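As written, the chains take the letters A, B, C and D, and residue 1 is the first residue of each chain.
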Amino acid sequence: MAARVENLAAAVARALAGIGPIERDLDAADAQLGDGDTGGMIARVIGRMAATDLSEDRDMGVALTKLAKAAAAATGSSLGTLVATGFLTVGKAVKGREEVPWGEWGPLLATARDAMAARGGAALGDKTVLDGLDAVAEAIGAQDTREAVAAAALSAGRRSLVNFRDRPCRMGRARLHAERSVGRDDPGMLALVLLMEASLSPEAPAA
Amino acid sequence: MAARVENLAAAVARALAGIGPIERDLDAADAQLGDGDTGGMIARVIGRMAATDLSEDRDMGVALTKLAKAAAAATGSSLGTLVATGFLTVGKAVKGREEVPWGEWGPLLATARDAMAARGGAALGDKTVLDGLDAVAEAIGAQDTREAVAAAALSAGRRSLVNFRDRPCRMGRARLHAERSVGRDDPGMLALVLLMEASLSPEAPAA
Amino acid sequence: MKKLMNKAEDYVDEMLDGLILVHPSLVRDGESGRVIRRSAGARQGKVGIASGGGSGHLPLFTGYVGPGLLDTCAIGNVFEGPTVNSCLEAIRLADGGRGVLRLYGNYGGDRMNFDMAGDLLEDEGIVTTTVLGNDDIASGDASERDKRRGVAGLIYAYKLAGASAEAGADLETVTRVAAKAVAATRSIGLALSPCQVPTAAHPTFTLGEGEVEMGMGIHGERGLWRDGMKPADALVEEMIGRLLADRPEGAGERVSILVNSLGATPLEELFILYRRAAALLAEAGLSVVMPLVGPFATSMEMAGASISLCFLDDELAGLLATPADCPFWKVG
Amino acid sequence: MKKLMNKAEDYVDEMLDGLILVHPSLVRDGESGRVIRRSAGARQGKVGIASGGGSGHLPLFTGYVGPGLLDTCAIGNVFEGPTVNSCLEAIRLADGGRGVLRLYGNYGGDRMNFDMAGDLLEDEGIVTTTVLGNDDIASGDASERDKRRGVAGLIYAYKLAGASAEAGADLETVTRVAAKAVAATRSIGLALSPCQVPTAAHPTFTLGEGEVEMGMGIHGERGLWRDGMKPADALVEEMIGRLLADRPEGAGERVSILVNSLGATPLEELFILYRRAAALLAEAGLSVVMPLVGPFATSMEMAGASISLCFLDDELAGLLATPADCPFWKVG
């Protein structure tokens, strides 16, 4: 079983459908120590991605690159730019393919993670979206069905939130308030988990 | 019996002692339709008057002129300037005299009222400080003891508030809101009454 | 409401101290230091222009002293007219031997004190004239224009009369130009949140979290209506509509527009307002000359904005374009 | 919190529409109209200076495009970096054939997007350099200056590098001057009340009625401490004390100071702050050159102020004094 452009489009559509409460929660999380805009920004990114017409696309690389460009056109914020970087990286890696087996997504997310680290300068352990992504990439490595990937990704993402909650933040706007960040979720990591919750809900098995 | 510079100084001192709650009440009254500064301004005027040294003065005209100048130096507000005008007018009228019998104060206040009307352009009936002053001037006309003057002035002032409360204002900042001014005291008229209440309280009879 | 200040009583004097330190083209003068004049002093042979008003409106009134604008300004306490003595000094210090125009906003206190100062100066041989700014259309019916308050639009009278005086015109001409500028100017403001007088215990008014007040004065005087907040375009449409309905008789098709912040409203939002205002003026067949957008006349930290229109004929358009220079407004 | 706007999503574009209508020296360019450039275009033979940043800080960043200052500015949404595409266009449009300095504030999003734009431009043959503003001393220890945020003090780098480029210096020199300007500049801000991002449901933070926060960032990032409101002089003393304690190594005795409003704080109160700041600098044996007081870098309607010091040597003092001209700042 493999992911195709339809799956991508459906996931984006589900994220859009669920964005309302996510937006508010993320703004609130970012407002604790940052500038309070993560939610509004993510909503804009998802909206722009959802407005991207993928109906004629079969090439996963093309589709992911289009979504990356939609993200990059929607914002220049740290997180949005990292999301665009991640999509672009995976898009390059799967260029020319119509199907990407679920078993490949672990390594693909690891590539995205590394490209995002290179772009943003954060290291694993800094308590950013990268740590969530790292846990997810690791956890889904061995899974080869959509359902298993979704379940593993979700539980790894949620676990990463718990694991990092009581650690200090070392990157981004909240870095200066490392002590105060203890006990609080990183907005980027939280965004990853909430969006996965919205977009990885069950769907009809792909063709 | 007559008013002397000591009476003047004592009245100012009593006004100063009682200014706290008056200041707040007047600010609140002016804030309804005006710019909310009547109290702060009156407090500054009284403060400046009280800081004026009248201890060497025996000439009522000189003392009143000094108080007028103190008011004029403290503010350029409408009401403050009218107060200065009133003091200046009475000061001119009693120049060279050490005593001004209580029986003369009705006509003196009437002169002040007319000078203030000429300076500010308001007419009687416009619901301003002038209407309060007019009522007071009228009421004390026949009295010739300090106690009788004080009692007549106070009750005339209070009555003027009641008489004008339900009439529309036709001058000053509240003029535009004639309908909304109905049911509300004019801040200038209220200032006159509250200051009389503070400064006309019983004192040892003058020499 | 919090203010960056020390003792409330020192607000105005400490502000003036800072102002003249930063802007050496301005000098404090007068017995109590409540007159701002050009550092070069009155120019002999030029008609002088003296203004005055309460504090709390920077750049108005004090900030407009400079070549092509005012010669002197008498400064009152926050939201109070200047004292008679300051008015008197401002007139004297503006005198360059050809008379002085007293040009200020139509407020009771200011008027009484400038009038008294005029009376006192009669025997000094300084000839004075008076023109009062009355641009605020929300402060009185068109039928009693002379009772209206002066707000941000006063800067047009400063600029136009200032240009006339700088060019060497006589007192009669400068006075005529100032009166013409006032007659050609209309303003209206709206408030979103109050300001607070430094010595006061409370803000000057309260406005609900979702409310806007149309027509509010620059001291918090009540306006025309208070209602739920509306989109910027709708507010601008009402403001421009009211201004054009009150257009001076015989007004031509050239107009200068000032979109002014009352304090807390950011530049971003003034530009959003201007965008719609410009479109409406174009629809009305008017052509915009020298649009001005920024904080020109404020009410300390009040949130809100005002729009002023100054209808120009050839004479006024020419005078508007001539160079002028003060710390907060430079033309040419 | 109320904003004079229409749809929140249109805040930035409508603002830019108004901006260029009022100031024809500025032109919108780029695929999504998110680059502001000089209307005359890049001058051939001059080193270009491209900046960029989030919206909501006018006059920063966008407002400083003009002779002696920036050539172009890429504009992000409110409090967000500009997109990679806008950064790319801003660099291209600043190019006059002698290379382009990318000069902007040290924020994650801005940096990533300008970096990506640089990567993408490598094969177009435009030589670029980068200097990041990092003047906010409240945003990191002195030991890690390169992690500090850029705030109002960035305008000194604009002015000094802009003067160098305008005088014909090469890219290496302009870059050196910009880096020197950044190294010579320190800022600190304080907030009295929050602002609100147009798309957000709530203000960016809450601050008690009687509270002040020292060291807050221009997006509402938490500061050094939060406490009861203090007199202006006490706040200035702490700010100047912190700035001087962080004085760059080898700093001389000449300094320019910028007392900046974050938005709602009125000019009156900036002058009150300046008064005390000037006295403290004099006490410290420093002489003030070209003091700047006003709204130079804001956070929309946030109440508060920042103070920046730029320590000058002969080279920087000379460059600071040369003419510069943009809609919000004119020198010479």
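Everything below uses one rule, namely that a contact is a pair of C-beta atoms (placed from the backbone, for glycine too) under 8 Å apart; a residue touches a chain by one contact, two chains touch by 3 or more.
Since the model is a prediction, treat every value here as computed from it, not as a measurement.
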item: Length of the line joining the C-alpha centres of chain B and chain D, rounded to whole Å; value: 54
item: Between chain D and chain C, distance of the C-alpha-averaged centres to the nearest whole Å; value: 30
item: Distance from the mean Cα position of chain B to that of chain A, given in whole angstrom; value: 73
item: Contact graph of the chains (line, ring, star, complete, other); value: line
item: Every chain pair meeting the contact rule; value: A-D, B-C, C-D
item: Chain B-facing residues of chain C, complex; value: 32, 52, 54, 76-87, 107-110, 112-113, 115-116, 139-140, 147, 197, 199-202, 204-205, 217, 219-222
item: List of chain B residues in touch with chain C within their complex; value: 24, 27-28, 31, 33-37, 40-41, 44, 72-78, 80-82, 84-85, 119-120, 172-173, 175-177, 180
item: Residues of chain D defined as touching chain C within the complex; value: 1-7, 11, 14-19, 21-22, 55-56, 58-59, 63, 192-193, 209-210, 212, 229, 231-233, 235, 263-275, 278, 291-293, 295, 298, 300-301, 303, 305, 330
